[in-house]
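In the part that follows, the structures are each spelled out as structure tokens.
Heads up, the next two complexes both have chain A, just with different partners, chain B and then chain C.
Up next, the complex of A and B:
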């Protein structure tokens, strides 16, 4: 091993130690724990696949899998569209653009619990500003669209929509990355399009989105990875997993309840394994789609194989 | 003169910076005009004003006889090649060339056929399926050329297209650009800071400085009769020597004040005898066939370009001769050329 590599390793060492001690070992321990019955006090007992068999029959888990996947399917694309839209609107130097950028970033800087509590108030069906706003211009207790106001905390559909709504304001990081990526695009590409007489829609479709595609692909994968955990604090603070029985019960909440309320660490570990598996499958599917998309020549993502 | 491109009193300011100051320019149809100038002279601004990418603050731009000053870039039927990023990285060569046609609603097949034809014009028909990152710098600019030509533009604008290529490729590409121009006859404005490129390519050269043209003329005129001291110093490799009129070199009529004398390094002869002034050789650079000799004459630096075989050695003192017809005279105050009666004889 030459000097450079030794130095590199030396500098990486603190991080590697932390990674192994705080992430890898606990992860392996958790996976092992999934095959035991454990309350972290009495001696753990090996139970084989019993926890996993129970997972398949547990109504909370079954509901949570459905809820988590539909949350992922709705929230990830919506968050991306919103972040990209705002970044493209706000990338120009314009009056108040700086203020607007900060406004997009700020909700992500609020501590999660405070953010959840704020939404508990915002979504209050009677005094909450969201419904007050919707009722403006409506008559006879109906909203401006003529519908009854959403019952964010008591109707299953509305509650799930509320959780997604909450997720749409914490797009600061995605926004910043798209904004930076957009600012880094060569102005010549836009001037070429302008010289050819391209309209705004054509520029978006044929220049901006394809050029941003590699960044967007990474962002989708990243958001997917995070999304199964992202619904945790809102459900814990705002809906408590309800309305009953499991309208907004997501896997992260099931895991939390099994571990810290029912003290079934072995079973909770099995839930964690399930979450990991689902995330891996979702990422794999996206990765495959992206690969196919890229090799069809639609975007600027190069799929390179080693030695190529 | 058929109307190709006509600029009248074009000025362009961006914030506090004035890039162009009242530019008047007429480029006949089919001409290749090279705009030459140091960086910051306003060369790119001039192209952007013609293309409409930056709105002019005063003056008019006419293309093919129609006033396009108020038109958007897309309506002017001009195309442009940039120094970098003239291609979209996510598109194949074929799609890059067909990009404009597709934007304007041409069908896929028709656009592809035209793209293939344009590619053949510049000799990149074998690259159609590749992506820009799979091309060399020269191939990329060749494709950029095809992309710009496929539109059959009224005016073709090139913004230092060869600046990022290595020297050998630059030479080859500029020959090819000239050949393509001769074949298609598109009115072309070519921007460069490289005077040898300008000399080699241009039907005419427009020397730009501080947003104004110092001289517009054929390469020969610009080289032989530079209208200002800046043109004299900028054109030529290296540029003209400039010495005070009452310095070591004098006009046949004797020392003159208020003027500067210019002489090209190529026109300085070494080894003369008195009354030629003596110069001390500081440094000698051999450039193959020729050598550049750095001298000091009466406290002034002077460059001479002589056959390498006849070069002096550093430290030598040599007589310096300049034929009177090779002396250029510039007014010190205005920098403008002072016309001289053609006088035979030697300066000394």
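Up next, the complex of A and C:
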């Protein structure tokens, strides 16, 4: 091994040690725990596939899988569209652009628990500012469109929408990455498009998005990986998994309750395994779609097969 | 070389400092894990301070959890991590999870040998709730029950008779109807065309749709909530006695005397009562501390209404000692103080608890003449009629599962047969996984 490689390995070592000790080993231990009845107090008992069989019969888990997948399907694209839109809007030097960028970033800096408590107030069905705002211009307790305001904490559909709404304001990290990527795009490409007489929409479709596509692909995969966990604090603090029985019960909440409220760590580990499996499937589907689009030239992701 | 020596010296100092930080606490140091509201936590801080004053050299490390569920999480993870607190305070409905797993140190022998604490000092109903496998696993700190908190000023304003001992459930509903009023003070009746669509500014009653609220009413009507209280395998809410009570309970929404789910989400029962928007509120003693801050109106407590005979549900928390504690003797000394007359009186004065120690419960420290509620005696009068819920290790799960079904039924009017079937389906597997105490 030459000197450069040794140095590289030495520099990587602390991270690798942390990765193995704090991520991989606990993950392996969790997967092993999924085959046991374990409460961390008494001796664990091997139960084979019993926890996984119970998962298939558990109404909370069945509801949580549906809720988690619908959250993933709605929240991930919306967050990305919003982050890209804001990044493209705010990448130019303009009056108050800096302040606006800070405003986009700021909600992500608020501690999750405080963020959840703030939304508990914002979504209060009677005194909450969100519904007060929606009632402006309306009469008789209705909005200006003549509809009743959303019942964020008592109607299942509205509650799920509320959880997605909360996720749309914590896009600071995605926004910064897209903003940086946009600022790094070559100005020549835009000058050329201007010379060709391309309109704004065409520039966006033919120049900006294809050039940003590799970054966006990574962000989609990253947000997908995170989304099954991101719904945890909002549901714990704001909706408690309700309206009952399971309107906003997501897999992360089921895991938490089984492990830390009911002391069923073995069963909770099986839920964690299910989450991992679902995330892997979602990422695989997205990866295959991206590869297909890349090979058809729809996006700028360069796909290299092993050996190419 | 000098730099290396200096670095090694620094490393040694840092390591030594770290080791000093990890040193075992003194033998008279006790860690106590409690959960509660800021008022309750302040009371525990006072208790710890008084104990330290009364026992020179002793120290209490108070570990504060934000809620009962947070406390359960902390106990389980700390026991698993071999860093369990010496003592923790827990409700009898939740301690079974730890008792069945052998995480608690039995206190029977210590109690028998104690010079200052005796079994006869405590209400037997509370002591019995913490007996597991024939052993006294924890010592009760309080013995509460359900009562009806009522806004006396509203009763007087609308000239409605105040509740009396032995009143029937139907009396409660009629009283609630008489007190459900719009902003102009007119009664609002569900189904009455004259008041249709008129929002109630004051609701007659607030009661959470929970199994522990229904249980005493079912007992009072001659029914039971489980097939075998000693070794339950299922809920028995399909009996005529239980069906009648559940139907009456679910009808409260139709009668229009309780706030809707939207109103409760906007402002919970406790806050609504304190704001003068609820005439009556069914709760245990725990809300008393917060209600003592009410200045806008007079309030008091009344006994829980009944069907055929008096019945009420036991609410009790106890100090439990962990088996893993290395300072059990010191922990016991703290327990002896906390449950003595001065220690129990200190907690009683907060208003939050009904003391489990008979001498303090019957003293001015609890009955507190001149401080609301004036009728604190009703908490003591109901003690002979108290019943515990079954002590089974999975009881917290059963309460959560039934709570979801009942909340839906209460606010959305599910039919009775469906409610009972759903409650049974949601709890059977949980009962099957549980281990009973006796």
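Quick note on the criterion: the second predicted complex is superposed on the first by the 306 of 308 C-alpha atoms of A that agree within 3 Å, B and C clash if a C-alpha of one lies under 4 Å from a C-alpha of the other, contacts with A are read in each partner's own complex, and residues count from 1 in each chain.
To be clear about the criterion, a residue touches a chain if its C-beta (ideal position, glycine included) is under 8 Å from a C-beta of that chain, and two chains touch if they have at least 3 such contacts.
This is a predicted model, so every value here is computed, not measured.
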{"item": "Fit-or-clash call for chain B and chain C when the two complexes are aligned on chain A", "value": "fit"}
{"item": "Angle at the Cα centre of chain A, taken between the Cα centres of chain B and chain C once the superposition is applied, in steps of 10 degrees", "value": "150"}
{"item": "Which superposed partner A:213 touches (first chain B, second chain C, both, neither)", "value": "first"}
{"item": "Contacts of A:126 with chain B and chain C, given as first, second, both or neither", "value": "second"}
{"item": "Contacts of A:202 with chain B and chain C, given as first, second, both or neither", "value": "first"}
{"item": "Partner chain in contact with A:228 - chain B first, chain C second, else both or neither", "value": "neither"}
{"item": "Touched partner set for A:193, first chain B, second chain C, both or neither", "value": "first"}
{"item": "Minimum distance between Cα atoms of chain B and chain C in the superposition (Å)", "value": "51"}
{"item": "Footprint of chain A on chain C - complex, ascending", "value": "69, 72-73, 76-77, 79-80, 97-98, 101-103, 261-263, 265-267, 394, 396-397, 400, 403-405, 407-408, 411, 426, 429"}
{"item": "Touch list for chain B against partner chain A, complex", "value": "51, 53, 72-76, 78-80, 82, 84-86, 88-92, 95, 99-100, 102-104, 131, 133, 151"}
{"item": "Contact set on chain A toward chain C in their complex", "value": "39-42, 57, 59, 124-128, 151, 153-154, 242-246, 257, 260-263"}
{"item": "Chain B partner contacts - residues on chain A that touch it in the complex", "value": "186, 188-189, 191-198, 202, 206-207, 210-211, 213, 297-300, 302"}
